[in-house]
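Per-chain numbering from 1; labels A, B, C and D assigned in written order.
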């Protein structure tokens, strides 16, 4: 079913819902799903509507023109998108295959509603798996002394593929500031710990060292500060003294796959809005 | 903070949200929380608003009079309540103390926003614990040959205490049809299995017999059919071959307490609506 | 690391552990992992040892000969296997790809320590995915009027591939008694509900109908009675009134994958023993 | 059922299990439960046996004398206790009642097998609740300028009550080094975050600030370094953008109660051994 998704956030005040729902009712919009949230600390209002596209007579452009008047009145940040226009997603990977294979299968079986337009990796290990799915694979070689060259190549590729969203599917290089800024709010990482615990390198080793009884994974937007961006989703699994680091790596993989897949799904369905260093997720 | 809670359900159609939010905006209502849901199979619409009472100039009665016009137009089932008017809750118990003690402490510490007006039990074991909380305790003696007398006494007591809601906190007698009907949608039970598995007697024994790897508890509204009413909440815990029936009873208790407390909380905050044999829970 | 796995079950009595551990100590066996369990109702004892193979001077055959004496003394059911001798596993599938893809990736990435020797399916949809992994794919056509022919073909194939274990990875045909008996304790199914709730067809529809707040999946051994065999593992996920049957199918898939992968892993690592209609799982 | 519990840890080597189980078999000990674990990094072996006391003819003292010979041979740290000799537990609290009420009810209903000999608090709020359970309540007044006086009083009280274990049930004062050392491995705290995230003050505020999607609680042994001692158990609950700090405090309480109750239960049943900054928990 084709739908329009209308995402709004603006300063909170009386009458926003009335105005928006009045607007939608006048256009005879049949609402598939509606969510609101008010952040009381920030005094900020968030709203997402999913509207059955064939219930209204407006094209997307007409909708935009009509809505712009109302949006200005309430100082809204807003977007409306056609659900049938899929986002272009570029996946970045290294050697570890589990997150990549998981996303590729979800996409291949129709669970992830986006175009996976390319996979870029700093190793050549996963080429065949990716190419079997009919997706271009780019091996970008990283020179330890000068990573800028590699990142320039990545930048060119994401531009070439008109990437809307970049997913770091266990990509083991620190994403450069320049790309973080260009794709702010559109680069998603999976970190293999329940943040803020165990940021940085080797989180399962850190967890083993600390003797925690739960390990996990965190799906978050990438920002300049490592592993400190807005969190979209988290997942955990119970462990015990019997679990070695290897067991933790294995069990943690399932957390990583779940948290990343849910986070990405919510992102590409326009269910996530960033406010400061936090997220509102209308799942 | 005093608030008004407006609960609506009605046939789905375009314009309901617009009409309601227009009404609220005109009254200058500051909305604390709003939830909607459309049941697509039943073509039925559900809505709950929590409104800051001091943001509008209407009394509750004036609100009711004004809203009635709109409600009729959309064929709404609706209620508006003042959050400061607490429900009267009567708890029924037998010998097991864990659910009762848990609810009493949550109430005593201000977590459950209701009046616990009385505890009725078919044993005298829990009297002191209840009375310490300053709550009347009624021991109703059940004659196995004629339970009607006891249930008549219970009926009289719940009337005397003007009970809005009755909670079966591990009350081990089958609640009679007559009371189920009189208090339809207002009698809450905790069953010690994840229904529909293991309805009826001794569910932990049944679970042990079947060799399941998860056990649980179900909070549901009581209807004429045993353990078959609309489910409000469920909780589970992982078990293993090492767990005896006694271990399962012990671990299950924590599930029972959680599921019942959450279910009751949502009920008394008017977050639960029954549709057919299911519930919409705006938690 | 090569290891020997010694699995024992026998009537409970004093001295079993002493005798077995004495035997192992005399052979200088370095124990990697040891587990015991006593089923007090059945008065039955279970034990599993994982022994570093290079710590003892005996070959597997010598070990068997030596241990047989002790085993007879305690009336043991017992097996010792070399962990480097992998089981042959045949996967059966229909149209749904998620469990199959999940198992294939876990196998391909070295997480599942077995030989996946063939995939047999009653549809041809998943052929390419399977063949990309270098695994033979057999499409067995089911004639609704006479399924015996198809099952005879399956029987021949599992014999031809010397299958140790058969996995029904969302295979949507009822497995025949004859094969259940021949492969008793070696056919693993994933059922898409938390059994015993919602056995049989369309469990997510049943769950939606009943209005449960948790859905799940059950990994179990197949027996003559449908969805009633010994349970190995179960997994659940929380849902709400907002979840349609389609949402439940999608969310449930992740439960199915986890429960099946864990169950199969424990089975091929000889961590599961069946007692009556239950399992002891030394995970 | 009266039982002896034998807890051992020692350098790992071949033959420990054989020697111990031989010893037990010779005494005709019927083993209720047995657990072992080898920490491969530390090359350290852990073992716990629960033995039916009436199956052997030795008194506890005779058992100790007999076992000492074997223990010396393997350089064991070891203890044997009679399960019918209950530990003396002193609870420390401040204003928050949920953990205290939860432990008191579990104790009162027979779920926690210990003597709760006293409650000490730096406020007088919880006196009546404690005294209703027949437990002495001591209000120790803390002078902000000189806490030493108060801690001296606490020290005297725990000595006076012959405390085996001290539980900080949301006691909001930093426990002094001197007492940490005297009661090393016997002071249990509940911290209201999943450590190592959000150590220190106001963890729910920290969690809200960081925008995590899971909050939790950690039961751990107290050491000189704040919130950094060996973890016994952890519990988490899922939250969303809708949860305020107050919601998190409320939901987190259930995690705190569960993690503390499980941790304390395992401690008083001698199921926990500390190794370095980690624990082995035979639950």
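The definition used in the following text is that a contact is a pair of C-beta atoms (placed from the backbone, for glycine too) under 8 Å apart; a residue touches a chain by one contact, two chains touch by 3 or more.
From a predicted model like this one, the values you see are computed outputs, not experimental measurements.
Colleague: What is the chain whose Cα centroid lies farthest from the Cα centroid of chain A?
Modeller: In terms of C-alpha centroids, the chain at the greatest distance from chain A is D.
Colleague: Counting C-beta pairs in contact, does A-D beat A-B or the other way around?
Modeller: Looking at contacts between chains, A-D has the larger number.
Colleague: Determine the centre-to-centre distance between chain A and chain D, using the mean Cα coordinates as centres, and give it in whole Å.
Modeller: Chain centres of chain A and chain D, defined by C-alpha means, are spaced 41 Å apart.
Colleague: Can you check how far apart chain A and chain B are, centre to centre, with Cα atoms defining each centre and the answer in Å?
Modeller: 37
Colleague: So which stretches of chain B touch two or more other chains?
Modeller: none
Colleague: So in the complex, which bits of chain D are touching chain A?
Modeller: Checking each residue of chain D against chain A gives 37, 39-40, 194-198, 210-214, 216, 230-234, 236, 240-242, 244, 277-281.
Colleague: With touch defined as at the start, can you tell me which chain D residues reach chain B in the complex?
Modeller: 97-98, 101-102, 105, 108-109, 111, 128, 132, 250, 253-254, 258
Colleague: So in the complex, which bits of chain C are touching chain D?
Modeller: 14-15, 17-19, 21-22, 24-25, 28-34, 36, 38, 55, 238
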